[in-house]
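Same chain, two partners: subunit A is paired with subunit B first, then with subunit C.
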Partner chain A sequence: MRRRKATSALNTRLSPFQKIYLLLFAGFILGPFIPLIIQSFAFRWAWPDLLPSTWWLEQREKSMLPLAWDYVLSPYSRMLEATINTVFIGLVVTVICLAICLPAARVLARENFRGKPAFEFFLSMPLIVPEAAIGIALLMIFIRLGLAGSYIGIIIAHLIPTIPYMIRMLTAVYQGLGRDFEEQAMILGANRWQVLRLVTLPMLIPGVVAGALFTFLVSTNIFLLTFFLGQGKIITLPTLLFSKIAGGTLDASAAGITLLVTVPGIILLLVTERFIKEEAFGKGFGN
Partner chain B sequence: MKKLFIGLSLSVSLVAGGAMAEDPEATAFRDGFIAGNVDWQAVQERAKKEGTVNLYYWGGSDPINIWMDRTVAPALAEEGVTLNPVRITGTKDAVDLVLAEMAAGKGPGEGSVDAIWLNGENFATLKRQNALFGAFAPKLPNSKFIEWNAEDPRSQMNLRDFGVETGGAEVPWSGEQYVCAVNTDRVAAADVPHTFAELKAYLDKTPGKFTYVKPPHYIGNTFVQATIYAHNPDGTGASAFQESIDVIGAEELARLITPGLEYLKALEPGLLDANGGSPRYPEDPSALDGMFLNGEVDFNCKFGMFAVATGLAQGTYPEAAEQFVFPEGNMIKNKNYLAIPANAPNPAAALIMTNYMSSVESQTSKLQGTGMPPGIDPWKLSEAEAASLAAASPGLVGLTQADLDANAAPDTNATLVDVIEATWLEYIERDSTDPIDVIVKRAVENLSK
Partner chain C sequence: MTKVQLKGVRKDFGAFTAIENIDLEIASGELVALLGPSGCGKTTTLRMISGLEVPSFGSILFDDKDVSEVPVQDRNVGMVFQRYALFPHMSVEKNVAFGLKVRGTPRPEIEERLQEILDVVQLNEFRHRFPAQLSGGQMQRVAIARTLITKPSVLMMDEPLANLDTKLRGEMRRFIRALQKRLGITTIFVTHDQVEAMELADRVAVIFEGHLAQYDAPDALYQRPNSIKIADFMGATNIFNAKVDASGQAQTSFTTLKLGPDEIGQGSRNASVILRSEVIDLLLTAEEAPADNTFAGVVTAREFFGATVNYSVTCGEEKIIVTEQSRRLVEIGQQVWLNIQPDRIWLIPEAA
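And then the complex of A and B:
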């Protein structure tokens, strides 16, 4: 959205301040990627050299073991398994989250009942309670239930921090929607199913896509809960990355893995960008 | 994390109320194998039925990960066992998992960890909690390559792990020695220190070019232990630190370690970045590797007999890195092991795996591929086997095997390590003004709770 605004502003004229602001903005976002990209192609890169003194390709033939990108792209790095797990868990979590949150958001936006403010506060609790506390408590329960180290366990755990976000987003969308359009359709003779299919859902779609995108991105970035409940058996991109960089240094293969970890999110952003038009937010959060 | 998990295990055990589920067949198999009533063929057959072995190991090294997938997995597949290499960030995570599962009532055959690569404190914890499979190691066919005869002093590294009796509950996998490397581009040969006094003198002259890994990391603990050995007021070195804290007592331990800790305190102003206040200690060896590569420090001490050779091959060490003898007579040597937890879900497959890991073939390819020194004992091999093992070595850089042997020292008893670690944290890191004997006494009391 920000970028859209920026490009439309570019068509007019930018003040020097705006240009500097844009450059700084781009620098902060893209800047960290530059050393990462260089590091991923390095063999030996020591301070104070501006560029690696030895590149990976120079050593490639000499080394008995796959280095840098050869390692990252080889099955030894477990990247494929981690990516599939991450995307699979993210998708399932998103679908379940939507199924839970759509009806809940509808009620929260439109109905009034006793204890509603308290209930809304209760829904936000998982955002306040530290993830580690939730993880430990869940692990205790899940070990007894035999869910620890299983996909189901991780998916349930991921629902905890994602549901509050999704509910808040969808409630806002429903609030913006109003009952008028649905009532109008009913007056004109539509049945409940037709109202849902032809009126409510199309108007909700941008908000739903935004919420789903957000849920997916949150799910694919959860480290601690996945780490506790996956017990090292189920690896996702965050847990793989953490075990690689926990040592505190970033070698070429760690840099390569870091770069690849960002790919699913970027692809998803590009795919969904056309769904999330400004009016999604305008309608959703306006009024 | 540690406290978190202790709390967790305690609360789980309260919830569980002591009820422990177990697979009676797994228990019978274990008892039979340890009593020697199950022959190896039966183990192989059972392993085929189990099908998988879940090996938990520190997954931060590319060469080890590659070796596991490239060499170990196909070799075990020939035995009908699929290797599931679970890469963990810290060995303690696997130990905590076993204990949490046991506390939640998952008994023999019901857990999720089949084997763990570990030593020292982690083994001692499993042993203390009665969470080990039992004395399987001497029953493995390939244990003939390991010296078990207690009358041979060289067997100590197989029988005792940080002073704790292994009781055959873990099988040696690799033997390491604490070796320091120096960047010879930056330090003249004549200036390379070989004793702690020379190190102090060097840092007085050129401050800031040395640091060591921070305890409680075991690499840091080992540096502190070597210092304490060298400053032992009785001059008896490592031999005074082989008994448990219950035998030695807090007062005597405080007396033995005071000179070493005072030396470390005096060394602080010469350490990395100390001129602006307190020095910078890296959290783990890979952080120290980074500082060494970047020239922030000129020395790098860790367990790594072949660290320079492999570091050069991986680009993680500066090109002029060389090993040297330091500290003279106190280069701590120990082994690391593979242990099977009591509730291993695939005990027979775990036995097949640990037996394979003790074979000459796997030890040779491990040495060649990862630079991890052998855990089996060369004098128990045939001449041809010993020669092939020696030929696989990535090589020492700047010193000889004779130098390493001549300066070797044993590790410290695991119960003392805890106390020394707590004392370092309080006396050095938190700059406590209490005298060392008070700190030691407090640490002993806290740890015995």
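And then the complex of A and C:
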């Protein structure tokens, strides 16, 4: 008699239900991009056609590139300026945010002080208060201080929603680190700077990279605060995009900009993913 | 070679007092255990000696020099943490060389001393591995090597055998013992396990609730504890109240015991007698027993441990535990006679 084929609960093959679920999941994430891609390559796409009535390919002799891309890649779109601004602001915000949050997270993870729960609640306030309220309040203050429409103003504004996330992530990382490693380094003769450089930072790196990535992405996606405080003088990718679609129509160039706006985030994710997964770290902490 | 002294050391954490008042002297080259239940302040004591904590009062002396306020980096001590605290992002080699690297030791010298110490701990073939790829015993040897390479004046260890399995325990115990004897380095370790303390240390300092309760060699501590609390902590089972008279007789509820010559003529008093379970002889007939200190009982329970066997013998109202090598097995319900030699009985005065 043949034995029944063993089925284990931890089967590595997916059931049909799981496959359908995954497909749906991917569909929800990637689906919205499909009309954008089609739109960006359309020559004429009028309602109620399901697909463009005229593709760019059929009208090649009239323009070198698809209309959308021709505009997006030209200086008139201000794409380059917006991209540089976005990346620059994102980087500066990330660095400042790290500098503020590393020491703060260390204290929150290791020390106990009076009013700590209240302080932690206070830290998450920017996530609770509507962005518009913060933005308008800041704008009133910044106009007086002469910070409205300046990079400094925007950077300070971006720190408000990013700090709570960063502190939370780094606190968790510090809690996992334990004092032993730093104390051991001190006993072995390392001074504060050596402890930080040789022990604490390398061990914190996966968490720091994750936090920095998150901060950068949040900063590059902030629209409302940038819009209020940039006062049209400083444009970033989200504000540029908003000005394109504010009229209520989604034309080919808006579609092109939208696609480009997603690029920095995707590149960054691919670069840092290797960092976060690094084998030596992943294994080393458990013991 | 460093002598370590603690003089009237006290440590408060806010309103909580971890150490009330401890005086302790550790001779140069000695291996001392700080033993106590968890929360007794033994780890705090170790951390103060290492410099990770500063005592609230009192002073810590290395070779008669006050080091209480010397920062941990300059104190030149070594500490092996319970969970070893190996840096997970560094190879064995880098972990071990860490102490020399941060001191700015020249590279050729680092290389030389690294080779030397890796040979001592027999980890040469593992030098390029990461901590995650090592077994518990190997991790501990790396931690010890990392500490010893800096030539510390005092070596400290937090629960050195606690995380190892039984077989490895014996191996590491012999390793630590041999290394310590060879280098002659003053060594202090903390443990909550009286077996670990006795198997490793020259002298054991028992700490209860922030006080030094007894400081003695392992055999003295085991056979002649100075309080019932210590006797209990050291695993003594047969502790009974007794009335001792001037002629050196102890009257217990089940028999009258003749005591050793030291106890004769000290006046009558109340005391506790300790009958160590392994010094009691268990006899099957009354004839073969000596006349003194023999009393009858019935075996009521038996616990078999392989090499040894424990019997519970009921004598009158009391239950006495007897430990024997398991050369024979006595049945439950058997009538037996117990005998104990007078000089093996230990008395603890009532007040203690």
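Annotations for the structure displayed:
Here, the second predicted complex is superposed on the first by the 251 of 287 C-alpha atoms of A that agree within 3 Å, B and C clash if a C-alpha of one lies under 4 Å from a C-alpha of the other, contacts with A are read in each partner's own complex, and residues count from 1 in each chain.
Going forward, a contact is a pair of C-beta atoms (placed from the backbone, for glycine too) under 8 Å apart; a residue touches a chain by one contact, two chains touch by 3 or more.
The model shown is predicted, which means the values in this text are computed figures rather than measured ones.
In the overlay built on the shared chain, the residue A:P130 is in contact with neither subunit B nor subunit C. By the touch criterion defined above, A:G189 reaches subunit C but does not reach subunit B. Applying the stated contact rule after C-alpha superposition, one finds that A:G115 touches neither subunit B nor subunit C. Contacts of A:P16 after superposition on the shared chain: neither subunit B nor subunit C is touched.
In the superposition on chain A, the chain among subunit B and subunit C reaching more residues of subunit A is B. In the superposed model, A:D251 lies in contact with subunit B only, and not with subunit C. When the two complexes are laid over each other on chain A, subunit A has no residue in contact with both subunit B and subunit C.
Within the complex formed with subunit A, the subunit C residues making contact are 50-52, 72-73, 76-79, 81, 83, 85-89, 98-99, 102-103, 130-133, 139, 146-147, 150. Note for the complex: subunit A touches subunit C at residues 178, 180-181, 183-191, 194, 198-199, 202-203, 280-281, 283-287. The touching residues of subunit A, when paired with subunit B in their complex, are 42-44, 46-48, 54, 59, 63-67, 71, 74-78, 132, 136, 139-140, 143-144, 148-149, 231-233, 235, 242-244, 246-249, 251-253. In the complex of the two chains, the subunit B residues touching subunit A come out as 4, 7-8, 11-12, 15-16, 54, 56, 59-60, 62-63, 65-66, 69-70, 84, 86-90, 93-94, 97, 100-101, 104-106, 112, 282-287, 289-290, 293-296, 313-316, 318-319, 369.
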